[in-house]
Each structure stands twice: as structure tokens, then as C-alpha cells.
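Next up: some structures, all given as C-alpha cells.
Two complexes, one shared chain (chain A), two partners (chain B, chain C).
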Partner chain A sequence: MNKKRDDESVNLGLLSRRTALQLAAAGASSLAANMSVVDVLGGEAMADQVRRSGKRVILLWLAGGASQLETWDPKPGRATGGPFAKIRTNLPGVEISELMPKMSTRLGETAIIRSLNTKIADHGTAYELMDTGRVAEPSLKFPHLGALIARELGWLDSQVPDYVTMYTSTEGRREGSAGFLGGRYNPMFLTDSMIPPDIRRLESISDVDHHERSELRRRISDSFTKRFDHPVFDGHNAAYDRVRGLMSSDHLFNIDLEPQSVRDLYGPTQFGQQCLIARRLAEAGVPFVKVARAWWDSHGQNFETHQELCADLDHCMSALLDDLKSRGMLEDTLVITLGEFGRTPKINGSLGRDHFASAWSCTLSGCGIRGGTVYGKTDDDGQTVVDGEMNAGDLFATIFAALGIDPAKEYMVGSRPVPIADFDSTPCREVLA
Partner chain B sequence: MDPSQLRQIAQRKCQDILFCVELSDDNSEAWVGSSDANVYCVDLTSESMARVPMGGDGHASYVTGVCRYGNVMITSGYDKHLVWWDTDSRESVRKIVAHNKWIRSVAFTPDGSRIISIADDMRVRVWEASTADLIGDVSDHAVMTQQNYPSMLYALDVSPDGELFATADRVGHIAVWETESLKKIQQFDAPKMYTWDPKQRRHSTGGIRSLAFSPDGKRLAAGGIGHVGNIDHLGGPSRIEIFDLESGSQVLEIEDNKKQGLVEQIAWQKDGEWILAVGGANNGFLSVFHAGDGKLIHQVDHPGHVHAMWHDEDFLNLHIAAHENMTHWTMREQEV
Partner chain C sequence: MRVRVLLFAVTILVVVCSPVGRRSRGGDHVVGIDPPSALARKVDQLIDAQLIDERAAPLASESAFIRRVTLDLAGRIPTVGELTRFRESERLDKRAELVQSLIDSPDFDFHQRNELDLLLLRRIKRDEPWREYLYEAVRDGRTWDQMFREIMMPDVVKPDDLRPAAYLVSRVDSLDTMTNDSSILWFGVNVACAKCHDHPLVDDWKQSHYYGMASFFKRTFRTRKGTLGERFDGRVKYETTGGESRESQFMFLSGATIQEPELGLDDETLKAYQESIKKAEREDNAEAPPAPKFRPREQLVSLALHDDSGFFAKNIANRLWARMFGRGLVHPLDQIHTENPASHPELLELLADDLHRHGYDLKRLLHAIALTDAYARQMSDNSGRPGDPSLFASALPRALTPYQLALSFRIATSSPNDVRGLNLEDDWPKRRSEFERQTESIANRFEIPDEDFQVSVEEALWMSNNAQVQNDYLNAGSNRLVGYLRQIADDEQLIRSACRSILSREPETEEMESIAAYLNDHHERRDDAIGHIVWALLTSPEFRFNH
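== the complex of A and B ==
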């Protein structure tokens, strides 16, 4: 049976086992000293129920800011609309950009949100906002979405990582942070290779040897903890368990193990291959996987750029949803497409669009979502939200609600209660199943 | 005609983006293709932007190409259509779906009998101008780039004698065709025009945006952009390569960092001595280079990215279609 997660343990990212154990000890000591992170309102019984449901998230991060006008909220015929037409979808009366033809037939499990107004339009600050759901504060480092989901949906003794980020391009690359949740929830961060480095067993040690060494260490440790009961020692053992689990999970990142037909479904691009890895990880129980597709920052030649990148997004997102659906996973997997902001309706002299956070779009598909929904509305030129304005906190509250996580749940950081979704945020009931 | 005398005579401002321009025989009217999907007839006798949209069934998206023979004018658009216009009545007379993707350019053969269109479906199509019958459909341009993203077929030019035409695409591939047989008779590659960023931003910009046969038909100039460090912007050198058709080799390479951006159109001086390149990034440029050694002769800024130009044989009148304006230039020597 899986252990209830009730303490800080260790970083499961790209760390040596020694470092992981040192972090485990440090984290547990810190916890014991100041009770830095305690769930005070979300009961653990409810949390366990959520974990047992096996829900997970795949975030397709459109780094740099995709244009809402060339994806989910087209405005053809307007000066701001650009050259692309809109096309009908499988939803009556709903039209999206012609650059998304595959998704136009697959909106039955997707909610399009056209009314994000997140106000911040510089990359760094906006990235932080859309990865934490709230404006940064100098005095407290907030956890990123992946860390929160890992905390809420992951299992302490899981044999797989619980927060994986793939970000291959270098522009705009940010690792993601667990903030006040501690290093235990930092992501496994893959950049140059899609196979995690440093998790393979040394060739000089056989699997049998490795296993026997682990058993010997455990016996000694168990003997020790019988005499000295302390959270540090639980964390110490958990760290070893998870390191061994991670070492046996490298096959999850190997898409050569998939049938050719499945690999063909996702296509030859790197984004497609990473989406397939994301599905494999989700299938194995990894609660949060982020696949970053950079770089959408089309200050020049916006339309050419979106012809390239939307083709990738449309194909890979469609393949991912189809694959999840055919495996019966989509009901429990929330697929999000999101970036740090959208792009200006005004077309600049280089036929580009600049940063724009006042009226832009994202999508939520699958788990907990009322599919076939279009929420919110922008004006005829896409300059402002005229209905259903949603901020970052509201979006995060909606994401948590879709996953069965109480958006009002609070962590105590020292003596300060910090809600999992920002103060005054409200889940959008219209897009929830 | 003195290229060092190149100067602006007039500017006419607008709110839309102008992608192509054609002039009447007496230089009193211009027709421009717009981002608002209209084809406008501009009164050049007025100093301000006095224009009326052409009537009838026109385009539904950006109008990106125009050519004219007598009173028959044909425009191409991102709506995949070719539209025939009667310039006397200022009305459309025919409209056809010509391609499956954006049409980038359209050109008459010199005798006015045929038109050639190119589009992002990577097809080169030849049409009977009087009937709109399709009489040829060829391609030498890959649909996908080496990185498996959609390619684009940007540039087209017909040789002065009409015997040949050339087409060029996003990855820098150029094909030269015999107009009558539609056989490919030559090809060139200019891979530096394609700036794929495999690491930092993982997409591309660039491509060959302009082609121009020399007046004797022996050389072919191709324009685009050179290496771009940050492909979010058009912050790379404007770039021109000139190829010799007979030998099949590149004979000149020009990269200009003073005026950055895309070379959107190239025009040859009638004796083939120099070329005029226009284009830009967020703003525009006009640059004149020696066609033999590539040395810069003269260079000026343009208010707004230049998308296209029309010029007479001696460059006494040069009209430019640009971002939110059109301008009138000349190389006429100034009286002292």
C-alpha cells in the first residue's frame, strides 16, 4: 500500500543518491524544527482519495507566448485578425483558426478559455505568474503548478518521478521550483536528452549486487530506527526507496519501446516525441508532466512562425488526446495548453505580434472538464475581454477543481496560511464537468 | 538615372499593410493589394492617399500578388484565390480557387498569354490567362522542411524574354523552368537564406523572398536574409546571392548588416550594372549594389517595412507598397 505523504522528504531530480539523502535529512530536520509546511484545511482523508483516483496532468507549455488569434480565438476580417481564416469545429457555432484543423474535430473533451486577462506581459514575471497562479512576492517563494500537483497527487513511496519537465530549447528555459514546498517536489528536469541522465545503475555493479546492498542497508537502517524514532530516518529510507524506483523507470523515457504505429501517431518532431513520453509517464502514474514547446515569441513574421509551430501543436495535441482517449486515460488526465501570455492584436511592421496579456486563450482537456465548452469572449478586435474575465488565480483554481483538489486548501508556511490557489480566486464552474 | 540620387518624392499613409503594387501605363493610377483583403485603385495625382476599392467579388484575405497585361489585372491572395480584374471598369471579372494554401505571387508571361502562380502548397501552376484553364502544374519544392515543418514557396520571376521562369522556397531551393515545356532546366541552393534555430528557439525564419532575372536573362538574383541570432525578430543581414544560369554557380554574395531584414524584391538596372534591393525588418530600406562586385552604391531608409515595388525602366518613378503607407521615389538627377 502506498504511504501517505505527510512530510518533506527528498529531491527526486537529477541528484546523486548521496545528495538526495543529504537533502532528505535537511528537509526533515527543517520540518521538525519549524513545521514549515502543513496542510491544515484539506483533510488527509480527502487527499488520499484524490491520490487514489490516479489523476494526472500533462501541461503543454507554449513558451514565449502563442497567439490566441492564430489558435483559439481567431478574428478574420478585422484589421487585427491577420491572414488566416477561421474554420468550423465539431462544436456547433464554434470556430477556431485554420491552423488547427485536427483540433477542430476534437473539441468534444476540450474547454477553450478565451478570456484570460493576466495583465503581466514580460516573459520572466509572466512565466512566474502562470506557473504559480499568483504574483510573486519577495518574502515567499511559491511552488510552481507541477510541484503543487506532485504534492497533492503524488505518493511518497512512488516508484516513478512525480514531476517531470521537458524543456529542450534554451530560450526562456526555466526549471520550475517547488518553492516553500521544498526540494522534494522539484522537477526532474530534462533538457538536452529525453532520457534522464545519472539514473542508470553503474555497469560495474550487477543488479543482484545492487539489490543486495540495498537490502543490507535497509536492515541496518531498520535496526537503527527501532531504537531512534525520528522523521529524519523515515525520510532517509524513503529516499533510498525512491532512488531505486527512479533507477528502474528509465524505460518510461524510451519511446523505442512503443509500437511503430503509436510513434507514427505522434509524428517525427521533437515535440511529438516528448508528448509520447509524457503519455508513457502519465500511464505509469507520474502525476505531472510538462512538455515545453519553445519558442512562440513572434515579434517578427508571426504568421510564418505560427504556420510552423501551430502545425506542431495541432498535430501533437490531437495525437495526445486521441492516444489518451483510446487508452481510457483521458478521463483521469488533464491536458493543459498554456503559455506565459498571448500576442498583441496589433500587427507590427515586421508582420509580428508582440507580448499581450490582456485578452488571450488557453485550453483544458480531459479530466474534470466539461468538454465542448467555449468560455469567455473578447471584443471584435481581440483587444479586451468582454465576458468571463479570468485571471491566473482563477485558472489555477479551475485546474485544481478539475482534479478534485479543493482550491481553498491552505498550507501553513510558518504562521502564514497560503491557499493552494491564490486568495479570492474562483474556479470557473462553467468549464468543469 | 543616377542611383545615388535615389530620393523620396511623396508618401501616402494608410492604416493597412500594402503587399503589392502595379501602375497604369500613364503613371496616374496605382493598384495595391492590402491586408484588408481589398485591391485599391490609388489616384497618384493626389498628394494624399486617395483610393477606392475595386468592385465585385474579390479576396477574403491578404492580397499578396498583382500582375497586369493591358486592362487585365490578376491578383493573388492568402485566400487561395486568383482574381481577374478589368482595370477600366474597376470590377472583378473572374475568381478561381488556384491553390490549396496561401498564394504568394502571380506573374504574366511577357506576351500576356499565360500566368504563373506559386503557393505554399509548393505547387507551381501555369494558367491560360484568357480562360483561366490550368495548363501546367509542377513542383521541385519539398512540402516539408528538413525539420518536418511546413515549407513555403515565396518567390517567382519570369525572364525578360519569357522563355524561363524561376521559383524559390523557404529552405533556399531555387528551380529554373522552361516556360513552354515546364521542364526544370537548372537549380540552385542558397541554404544560408534559411535560418533554422535548432537549439535556442527551435523554429525558423527567412527563406528566399525575391527573385529577379538580369535584363539579358543570364543571371538570377535571389534575396532574403542571412543568419539571424534571435529569430524572434528580423535582426539579420539583408542578403542577396546572384547565380549564373549557364554555369549553374553562385557568382556573387552580398550581406548587408547596415540595413537588416528581408530583401522582399530586387530590380536590375537595364544594362545589368547594378541592382536595387528593397525590404526591411520593422522599418524598411532601399539599397543599391553593384551587380559585379556587390559594392554598396547608395542606401536609404524607408518608413515601414517594404513589401513590394514597381518601377519604370529608368527608375524615374519608383512606387513602393509598405507597412501602413506607400511611397513615391525617383533616381532622376536633380537640377542644380
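== the complex of A and C ==
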């Protein structure tokens, strides 16, 4: 029941997509280069060079929403400015909040983006938006950034985890979701302890027995799949094949193995220790690590809250960047500092700042980023973006571009092509190296 | 910069599916003269008719069949007792007899409840009263259309029993979720893409369909007390891609609409009602006003059940088929539209029509499917090229649902002397009900499998290193499998017994050899080795899937 349409040019675009759909449906391997059928086991033949490039991401997640005015976009002297001053940085003409003194001397590899307008200012929805780079759609389970990066930059049979997320606060805790990419890309979630669940052998079984019974498992499984073969069985075996490798990566979570000097660099806070774990994981080839620091939701006592939290952020972010740099890892590691939104310029009656998504800031450092950049501008009171407005889709497109992932790449979800960065999004060339 | 493919609104309504016959509710239900076996034969004829170039796989072995059908109808693997009884039966119609006994078993009601829960609530929240409601509905033989009424209009059908309201209550905060889920789950139609513009790939779906469906739910609200209420007014407004502002009609997916009658309230009364609704939404003790006479959800139910295009019947027929075969006749399940025809259109008509004529008795349809040869085939072996799955020439593997998996772990790791099974122990219904309760928290650990399901590494790590697996599944108590196996001195007997308990079959020669070698290599620690063998069988893909 195909009806003729009156707009031929639109129709042509549609037809080419349909053709690709039919190809996909027919199982043809001649998919367009930037299309990837979501079929973990079938679709991996296009072994990506990108995957072997060793690029990775550390996301410092400021849960609850940090204030841009007390971090990257201060407005002292204005009614909205609050009590803190701004300080000069190692970049001529660029000033940030005095609460970030260490970062003020280390902006050489960092781009500050001051022009996010993401519109959504309630925690749950904004969280989903900044986890996926798009507004949630009820019938499409879009993967979170970590799962996308794990898929694009990870190894299918990786011996290390490829998506680790640490979140110990009870407020706003979210595990992360692999959405339509499937369970293979679920995060390894650390919440109660600094070590992932079930990664260590029970004392009641010896290492030899643990290993031998998994070999027996494999033999029994092979005897079955020799008779009846199907990709879902391979996926099952692939998950079990990763167990021993992941178990042997448990030392990555043990910061006691770091020299005292390095531990001192990161400091004693939990956030600092988790940043150090993140560095250890990144060094071992884990493509995506998220470290969440809570709870920035300062509806009351905004300034005390930020005094405390910014000190931790400033110190740990600086330590992480220094450490990555001294190890020669920073050019391959993208460090993102981001939350679900910023905070209102208007200071409320409880000396707090409320949720605010129309003019806020984030930073990108390292891999693929033009360091020493400040992008975008807000008005004198920080109420609106006056230059370089960027939405969540644009930010995600920029992140993908920095890592060498084509933001226009599409996944086939059932019969529907879904781009990795949202429709109509554009990478921000000004912050890209 | 890419430009989204946008289509301009074309206001042509499309009759989507061919009619399955104009009908009125009640009166023409045929019961009794048309057994499920007759339907099964017709199903096989229609499947076989398309197997021209494709050779159908042979029927699965007895062991494979009893495992498959017990998982599908009872929600668990068979016990060793049930397996042995079936294999030893000399009745010619033993497969049909087995299907009948499973259909009549208490297990069926629990399993059907679990399936409907996973379908309709999908763990959006855990809700025991809702699960109780589903169980009672299944047990009492309430039909799918009845349940549809009860779930869609709980306050109208049975105002004193609001348990079925969980479906609506859990979605009432998001009109989008309510609209999409309801279209997908009850009608097999995904109209989400038609929200912002007419569907870019499917001509059938216009913005007017999306907002038409949304309008049935727009007036539903939740009171502060947690009950459902309905407003007296309110239409969904939307903008077309051409920038035109529209007010939606009460329109079903078929294009059928309902005209709203005059409200018949003076402005003052209406205003007072609106105020008290606002209050009821905010305050714990405020009462909502009486319900309006015109209730959009009631209209939706009525349109859906009197719809010649048959979305309601086709959706559930397709979903039950997919449950039994691992793939829908229409695939994917939420894509019932003209550009995605069923692999066997006549068959889908037949099943939908049969469901309708038999008063939406889901049990009957499952019964009939379980009696077909198509259902009883074995998986495709590795001898030839993989076949086209839409021909249903061989069985497809299906991941066990969380409930099937947790219950099967429980059955498999019990001593065969302790858990004997259906019609083999005195109070099986009570036993089964206890298993249901005991395994629920473990079930909640596992993912609900969808079309792209992959076993996650967390699951593999959990099975490998969690103390619960060690202490429960590998427990050596005398009523557990490991304890039972430790009493068996003969290696071959032991291996046979382990394979029966866990894989519901006899071991292959190769398996016998590798497991015997394992026992031999660890002969000085035989008790430990038995635990390892049980673990290795439990973690095989053969156990994790139905096939």
C-alpha cells in the first residue's frame, strides 16, 4: 500500500533508507559503511580499526547538578554572582571560579563549554538526557554513553571490563543501561564496595577447581553446540568465557598496588580513590569508566556545598589530568566533567540555587580536544546563552567526534535506523583538535 | 548536519488489516464441537503449505519435547519423575496426553500469571496485589477480553477491586508511556515514531493515530491516595509538521472514531469538579468528584473489541505464537502494519478468528499450538545451511524468562526423591506455590529477555562466584541433587542421573566420557567433583534456553 508522495526529494532519502533496511533484513553483509546492525555476534566482522586505537573515556559525573557559577562560568559582582571571586587561569583572558584554583593552572588540555542549553531541569528526565544525548522515547531503549563507547571502542572478547561505573551515594543513583545494545554491554556497577560484585572467587573453591570446572562447562557446552548451533548459544558461552579474564582484572580495583606517591597525588577522599581506580582501569584498556560524585543538588546553602564539593572536584580532576599526562595517556583518554544540569543564577531564599538547564557548563579534556579553548558565552547574569548554544545531542556528537567515532553512524534497531548522536546534532568543531 | 526525514501530514486513513469478519460480541461463540486438535491440524496445513523448498526438521525426541512443552506450559523444566513417566508411557497419544495434563495443571496458572505480568507490567514496579489479581484471573478462566476490560477500566468493572489498576497507575505519570505501551502491548502497534511527524517508514501511521490513541488516556489521573480518576474534559493538542495546530479525536488505530457527547454540565458545576480533581491530586484525604458519564478508556475498549481490522485479536495471537516459537508470525511483535505482513497471513487470521470465536480463551490457543507438529520439531542441526526462521521449519532457541529460569534451577537442583512432580506427589499444587514464592527474589536478578537478548557477564559472574549459588544450588543436603548424587557409587549411573535432573535427557557418549574423565581425575575428591559437574551442567547454554 505504498502511496505516491508529493515531495520527491524527501521520498528519495526515505527510499535509500528503506533499501538499507531491506538489505539488513535479508542479512546482506553489504551494509553501508556507517550502518551497524545491532547483532553483537553477527555484526562484528567489520573489525574496526577504531576499536584497536586504545582510546577511552573517563566521565566525572557531578550528580545532582553542579553550579556553573561556582565552577567554570563565574559572574562575581552581579546580583546572581554569589560571594566567590573569579581568578585568572593559565589561559590569557580566561577566568574561572576561585573554588577551582588547581584547575586554573591546568587548562592547557581542556575545553570549557559555557553554552549548554539542554532545557530539561528535573533530575530523572535530565539524567536520561545527559546519559543518552537525546530525549527519551518510550519505545526505544537507547543505550547510555558508557555502553555506546564500550561497543565502539571495546573488544568483544575483552579480558577487562569495558564499562565500569562507580556510584556510592544513595541519592540519584543510577546503574546505567545498555538499552538495545543488549546485556553484553551492561555496566559493571560498583556501589557497596570498591570492587565489582562476584568478581572474586569464593574461598570454598580452589583456583584450580574453579578453572577446571569452567573447562568442563565448556566441553559440555561444545558437545551441545556441535549438534545444535545458534548465535545465542555463542553469546552465552562468550559471557562465561569472559569470567576468568574479568576475575583476573580484580587487581585493577586495588589501589594498594599503587605507589604511595601516586595515592597521595589523588588524596584520601573516596572520589579521589575512585579516580585513581578509573586511571588504573583506563590504563589497562577499559574504554569507559564513570565516577559519580554526589550530591550537588544545592537548593539550600549552595555556597557551603560548593565550597566543599568543588575542593574535591578541583583536586581530583587536577590529579587525574596530571597523572594521565605524565603517563602519556591523556592524548588517548577523554575526560568529561558533566552533570545532568547546572544551577539557577538566581539565588533563592535559602541561599540555594535551583535546577537550571538553559545556560550551563561542562568540560572536555584530553583525547581529540583542542585544549585551552573556551567555547560559548552566557549573558552578564548567566541567565541565557548568547553565543555558541549547544544541546545534549551536539555535546554527544562532539564527544564521539573527539574519539574518532562518526557521529552519523547508525544502528539498526529492529527495522529502524537510529543514529548514535541524535538527529540534527552537530559536533562542535571549535573544541575539537 | 543531517536532516530528519520529515513527512507532511496526509490525512488519509488506512484500513490496515483485512477484516476477520464483522461480528458482534457474544452469541456466536462456538464451544465444544471444535477441539484444539482440529485447530492444530489446520495450523500445520498452513505451515506445511509454505515449506516448498525447505525441509521440515524431524520431530524432536521425547526428552526434548517434554522439556520444551513443560517449560512453555508449566514454566519450569520437568522433574525426573515426570520425564520417566512420559518416556515409559506406551500410549499412542502420549504427547497429546502430556499437553492436556500440563494445560490442566496448577503450574499452568502460575506460569500464565508470570508471563502476563512480564508482558504487562515488565517490572516497572513490583506489585504483589497485581500478581495476585493475574493469578486469580487465570485460575478462574477469565478470558483475555475480560482481563482487558478489568485492566483498562478497573474502577468501572469492579470498583471494590482495584488490583488490576496497577497497569494504568504505573504509567499514568507519562501520557507518552501510557500511549506507546498500550498500543504495543494490546494491539501490536508501535506508533511512537508518529508522535512528532507521520511515521517516516510506515504509511499506515499518522500523527493523528498517535494522538488519537493518546486522547483515550489523556483524562486519566492519579489521586494523591493512589487511586485512578477521570477528568470531565481535555483533548490532546498537537502541531503537525506543517506547523498547523490540531486537536486530536478519540481515534483507534483502525481509524474508527468516537464522538464525544455534550457534557451537559453547567460551567459552575464543571468548575467545581475541576477544582476538586485538582485537590484530589494534591491532598491525601480529598475525594475525587463522581466519574463522568463519557469515559474515554471505556470507549477505547469498546472500539478495540468491535474492530473489524482485528488488532486486539491478532496482537495476542501473534504474541502467544511468538512465546511458543521464539518468533512472531508478524515480526517484530510491535510492527503489525501493511508494510510488514505476517509470514503466514492466513494462519494469523485463523488464530485471531479462532480466539475471537472462542471468547478469547488463551489457554485453548496455547493448547492447540502445543499439539501442532510445527511446535514439536527439533532445532535445526548443524548439517545444513541455517533455514529461514520465518518458515518455522525447525525450532528456535528461546532464553528462559526470569521465572522459568529460577524455577528450573530449583527443580534441577532438588533430589528427584524429594521433588517428584505433577500427579506424582500428594500436594503438588501447594508445593508448586511454595516454589513460586521461594524463587521470586532470584528471578528478579535475571533480565527479562527481549528480541536481542544476550546473557550478560554479570549473570556469568554471579553463577561463577556468588555464595548463593554455592550454598543453595550446590547444597549437599539429602533433599538436594548434589547430596543425592553423592550417594551413587557407579559413575555411569551418577552421570545419567545428573543429566536427567538438569538437562532432562540421557547423556551423549561424548558427555559421558568427559564427565567420567572429570570424576576419575578428581577421584580422591569425588564429593567436590560432583558439585563441579552439577555446576557445569547448570551453566550450559542448553539449560539457559528453551529449545
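Keep this in mind: the second predicted complex is superposed on the first by the 370 of 433 C-alpha atoms of A that agree within 3 Å, B and C clash if a C-alpha of one lies under 4 Å from a C-alpha of the other, contacts with A are read in each partner's own complex, and residues count from 1 in each chain.
What we mean here is this: contacts are C-beta pairs under 8 Å (C-beta built on N, C-alpha and C of every residue); 3 or more make two chains touch, one makes a residue touch a chain.
Being a predicted model, the structure only gives us computed values, none of them experimental.
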item	value
First (chain B), second (chain C), both or neither touched by A:Gly183	second
Chain A residues touched - chain C or chain B, whichever exceeds	C
First, second, both or neither for A:Thr168, with chain B first and chain C second	first
Contacts of A:Glu137 with chain B and chain C, given as first, second, both or neither	second
Which superposed partner A:Ser214 touches (first chain B, second chain C, both, neither)	second
Partner chain(s) touched by A:Arg416 [first = chain B, second = chain C, both, neither]	second
First, second, both or neither for A:Met247, with chain B first and chain C second	second
Overlap of the chain B and chain C footprints on chain A, listed as residue numbers	none
Of all residues in chain B, those that touch chain A in their complex	15-17, 35-37, 60-62, 78-79, 102, 120, 147-150, 152, 199-205, 231-235, 261, 280-283, 304-305, 323-324
Partner chain C, residues of chain A touching it in the complex	1-3, 5-7, 10, 13-14, 17-18, 21, 38-40, 137-140, 180-184, 186, 188, 196-202, 204-205, 209-210, 212-214, 216-217, 219-221, 223-230, 232-233, 235-237, 239-240, 242-243, 246-247, 408, 414-416, 419, 423-424, 426
Of all residues in chain A, those that touch chain B in their complex	64, 76-77, 79, 83-85, 168-171, 267-270, 293-295, 297-301, 304-305, 307-309, 311-312, 347-352
Chain C - residues contacting chain A, complex	1-8, 10, 12, 14, 174, 176-177, 179-181, 184, 190, 192-193, 200-201, 203-204, 332, 334-335, 338-340, 379-382, 396-397, 399, 447, 451-462, 464-467, 470, 508, 510-511, 514-515, 518, 528, 532-533, 535-537, 539-542, 544-545, 547
